[in-house]
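Structures for review follow.
Next, two complexes with chain A in common: one pairs it with chain B, the other with chain C.
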Partner chain A sequence: MSVTIAVQLVVNGILLGGVYALAAFGLSLIFGVSGVLNLAHGEFLMGGGLLVWLAWDLTGLNPFLLTAMIAPLAFGAGYLFEKGLIRPLAQRKEHVRLASAVLVTLGAALMMEDIADFLSLNTQYEKSVDLFLPTIVLDKVYLPSLKLVILGLVLALIAGLFLFLKRTYLGLAVQAVTQNRRGALLNGVNTVRINAIAFGIGTVLAAVAGGFEVVDTYVAPNIGLPLTLKYLCIIVMGGLGSFAGVALGGIIIGLGEAIVGFFQPAWGQTVAFLLLVAILLIRPKGLFGR
Partner chain B sequence: MGNHHTHDGNCLELGRRKFLTMAAAGAGLVMLPIGQALAARNEIVIGGTLAQSGPLAGATKPFVALANAWAKRVNNAGGIYLKKLGKKLPIRFIFYDDQTSPPQALKLYERLATVDKVDVFIGPFSSFLTNAALQASLTHHIPFFMVEANDEVLFEKPNPWRTTGLAPAKTEYSRTVPLFKDRADLKSVALLGRENLHERQSVEGAAQGFRDLGMQVVYDKLAPANTKDFSSVVLAMKEQNPDVVLVEALPPPWIIGFLKQARELGLNPKEVVAGHVGVPVIKAMGKSGNNIVSFTYYFEGNTPDHKELYAISHAAGVEPWMYPEIGLRYRAFRRIKDALEHAGSLDKEAIREAMWKQKLHLYGEETIEYDKRGYGTDIPYPNEILGGKMVSLWPLDKGRRMHKPKNGMW
Partner chain C sequence: MKRAHALLLLLVVLLLAIPAAPIESRTYVLQVLTFMFVSVVLAQSYDIVGGQMGYVNLGHITFFAVGAYAFGILFNLNMGLLASLALGTAVVVVFAALISYPFFRLRGAYFSLAAFGLVKLMEQLTINLGWLTGGSNGLKVTPGNRVLAMYYASLGVVAAVVVASWLIERSRLGLALKTIREDEEVAEDFGVPTFRVKAQALILSAVFPAIIGGLYTWYINFIDPNQVYGLSVALTPVAMAMLGGSGVLVGPVLGAVFLYLMQELIYTQTAHLHGAMMGLVIVLVGLFMPGGLVRLGPVARVLRRLGLTVEEA
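Here is the complex of A and B:
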């Protein structure tokens, strides 16, 4: 393997891992705040991608602009999802609540897939936006402009999220609930509302990642659950509740897929799970788990 | 004795009456299903499933409308003539959504046999759904016309009730690869297939086809069905600098991911070949899809068969190039009609025999027939994306003149 190819593989892995990390952040935030493993997370990504495609097909507007426009809708969907499906489980015993939440979100995921499937009846099943930006070539290393733009937007979103969590009362309240729910409650934080807000923000991140996905590759009604599994790998590998861990986990999996896929594409998808097992054997709480 | 006789006689009389009554009732009972069957002979019922939801739905959306358009056309001409019945019968299709699920497909074919009482089966889309559905043909002895199905696994068990129109998957590119014959500028080829039996066999056949043209195969791999990031594959191909890149997958979004990333990462071969390209790929690639070579199961022409294919496609609201397998569906309709006409009745054994003996001439240049295993002769014809649609490159001499190499022009 030449040096150029090796550099290109690393670049590709980082670009790929960045998009993985964005959606995984949403899943991690929801889990950190509410303790719910939202198995419908990938479906919100799929839904976001489908909405962006639909709007693009109707209007021809820039898909990144359309992705920004669907963000409030995604927030509302996530907020209502928590209020309608997750909140009613709150009064149950811890282990019952966790098991119920997994079943409820899995059921919701399957239902959302079926709805998307049904709504696709009169259009093509797989949706992809035709957008191409000229590739930048630096000393034989190809830097796909589209992926760079996406990575830039991912970093901007993550920075925005970081600032929100560190600088705003609501963000601090989210962090407080993540660290100690009872303590936050005793300090006057409305933990019920914070749960819903975390679901809203997490869903926005998933839907935005879906917008990026439909530009970069494609979305289809059945992509949700496999993606959720991959994001779960990332957040478990990074350490549950750790944003730095999610970022690193995303990049490790992106790099792993890129390098293994180069030699043997058939193993590219399996590498996420192999890496997860390897890291958990060394650090059972994940890279940044406490 | 006399009394006895009389008694016997009376008994006999009563027995006769009883016997006649019972016989009449029995005959009525026996005749009832025959009557129902005769009533059913007022039409020919063809049943099957199509994935109108699930991963394969994108490839089969217009096929129900296509079948109904063809049925309407046949019925407007009075139906299909069945010699032994001495009349033409109209046809009717019954389709259910198998949701791209093999168990669901089998369940629905059972229903078609037992509830809808179809006369013949038309197959679902894909080998894996067909493999499940085929069991119904064995159980109920109903002729099964497979359509988009040609995996080896379908022919492992003997089943006299099924044939497929398709030739084996290894021949899928046998009309497309020769498009590049005598091209001195093409010396190497890279091939990628989706990890699935059909794609594996198809890519193997294509690789052999390129070797037969004197080209070197420099990359030949399969990637998992759920692959979305192809950047590593693209880089591995780039390192080999192939003159031709071929990617084979069904359903098509897999190909979209590969092509988009090949474009981004500067994989610029002289020729790009992609299997099963339809509207989703053309739409996703826009202008940069131009000159990508693919195939469909028909070529542009002006024969009565072509005119019928165009007419039913338009009635279904599509152009035949939009879905590569529309041509295969049309072939299946024609195979069914031909078998029914040769059987001359709705006797399933007669239809089965006629199906196997079929020699159906189509498009003025080919004959559909089956080998001993039940494989057919359908091999797709080359075409290319040009100006947002597919343009036929058949016959090959015309295709070679028309086709412009991609030469890295994304």
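Here is the complex of A and C:
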């Protein structure tokens, strides 16, 4: 294997892992705050992607601009999702709550997938936005500038999320609830509201990632649950609730898929799950778990 | 208890007699009931780990799928029905024993997720190991008309899994499982060998899906990865057990019967949006029935009168 190919694979892996990490951050935020594994997370990504596609098809505006425009919509959707479906489960015993949350979010995921499928009858199944940007060639390594733009936006969003979590009152409240719900409550944090806000922000991240996906590859009604599983792998691998872990998990999975997919295309999709099982064997609470 | 016995006897006689009943479209009825029995076995066996022990095992379907594939491969080697079933089940038991060590190092949400990941992993392995499993083209076994035989066989497995759950619940093992569900640390401090107990429970809950998986392959002659590992297939038993009432003996049975009939109704009566309607049913169960059907007031009263205890969720 030549050095060029190795560098190319690493570049591809990081570009792939970036978008994974973005959506996985959203899922991790939701889990950290509310303790709920949101199996409908990938559906919000799918929904965001389809909305961007629809708006682009109608108006022809820049898809990145459209992605920014659907963000408030996604926030509202996530907020209401929490309010209607997750909040009623809060008082249950722990293992009952885990199972109920699985059922509710799974049922919602099935519904969203089927409705999206129904609405896209008579149109092409896999929707993508054509946006051509030139590819930069740097010493035989191909750098698709579209992916670079996306990676830049992902990094900017992650930086923004960090600033939000570290610098604003709301962000600190989110962190406080993640660390200790009762302690946060005793210090005057409105934990119920924080739950809904975390769902809103997490959903925005998923929908934005969907906007990137529809530009970069494609979005179809059936991509939701498999993606949710991949994100779950990423956040469990990194350690539930750890942001550094999510970033590392996203990169590891992106690299793994790029490298294995290059040599054995059929095994590319297996990597995430094999890595997850392998890492959990060594560290049962994930790479950064406490 | 006597009334419960009489009712049970009546039910058994009725189910045994159905194939002889002079009804139209007998084959269809038998088929619907057979698939219902498959669902009951999956839901009830899930509940040994999911309900009695409180570990939400989202990967339960892997036992069914591995059993189905192991049976198909062995049966195609001309092993004969019983030998293939026995060996296929043995394969699944070994599989369950092997995964119990890594997976039970995890708890709560971690366990559920890793188990869910296992479904996908096994599906990918099945697709990629084409020389063994036929890959995404699926696996065929020699066909035959097995409607009647399968009806009785699956009914037998239903009986076996219900009796086994009942015995487990009353045994020392059942007590250990319940202790683990309520508080694993305390259980360990009081001398419950948690690791061994959890492995035993997982193996016991794997045996029945393995058998029914083998029979399933034998019955429908053809399986492919999506059919046995598909996400909705994988998660329906969990939903059924929850719907009926996890942790109560007849809960998963009721849930499986109810949800299966619901599914059959939705699929035969409406043209579109089957998945959305199933999703809605699952959402409503999760939202409004944490304890499941068996803990609803009127149902619980009837069950108590029949001598079946129903604890609070």
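Please note the rule applied: the second predicted complex is superposed on the first by the 289 of 290 C-alpha atoms of A that agree within 3 Å, B and C clash if a C-alpha of one lies under 4 Å from a C-alpha of the other, contacts with A are read in each partner's own complex, and residues count from 1 in each chain.
Everything that follows uses one rule, which is that a residue touches a chain if its C-beta (ideal position, glycine included) is under 8 Å from a C-beta of that chain, and two chains touch if they have at least 3 such contacts.
What you see is a predicted model, and the numbers here were worked out from it, not measured in a lab.
> May I ask you to decide whether A:D117 touches chain B, chain C, both, or neither, giving the answer as first, second, both or neither?
Both chain B and chain C are touched by A:D117.
> Under the stated touch criterion, which partner chain does A:T168 make contact with: chain B (first), chain C (second), both, or neither?
In the superposed model, A:T168 contacts neither chain B nor chain C.
> Tell me which partner A:Y142 touches in the superposition: chain B (first), chain C (second), both or neither.
First partner only, chain B.
> Which holds for A:Q269: it touches chain B only (first), chain C only (second), both, or neither?
Touch partners of A:Q269: chain B and chain C.
> Quick one: classify A:N187 as touching chain B (first), chain C (second), both or neither.
In the superposition, A:N187 touches no partner, neither chain B nor chain C.
> Identify the partner contact of A:G261: answer first if only chain B is touched, second if only chain C is, both if each is, neither if none is.
A:G261 contacts chain B only, not chain C.
> Go through the superposed model and pick first if A:Q179 touches only chain B, second if only chain C, both, or neither.
Touch partners of A:Q179: none, neither chain B nor chain C.
> Touching A:D130 in the superposition: chain B (first), chain C (second), both, neither?
First partner only.
> Between chain B (first) and chain C (second), which, if any, makes contact with A:L98: first, second, both or neither?
second
> Residues of chain A that sit at the chain B interface in one complex and at the chain C interface in the other, please.
114, 117-118, 226, 266, 269
> Of all residues in chain A, which touch chain B in the complex?
Going through chain A, the ones touching chain B are 1-2, 5, 8-9, 12, 15-16, 114, 117-118, 120-122, 124-130, 132, 135, 137, 142, 144-147, 213, 216-218, 220, 222-223, 226, 257-266, 268-269.
> Please give the residue numbers of chain A that touch chain C in the complex, ascending.
Counting only chain A, the residues touching chain C are 31, 35, 37, 85, 88-89, 92-96, 98-104, 106-115, 117-118, 225-226, 229, 232-233, 236, 240, 266-267, 269-270, 272-274, 276-277, 280-281, 284-286.
> Applying the document's contact rule, which stretches of chain C touch chain A when the two form their complex?
Going through chain C, the ones touching chain A are 50, 54, 56, 58, 102, 105-106, 108-110, 112-114, 116-118, 120-121, 124-125, 127-128, 181, 231-232, 235, 238-239, 242, 246, 272-276, 278-287, 290, 313.
> Flag every residue of chain B that touches chain A in the complex, lowest number first.
52-59, 61, 192, 195, 221-224, 226-233, 235-236, 238-239, 251-253, 256-257, 260-261, 263-266, 279-280, 283-286, 288, 410
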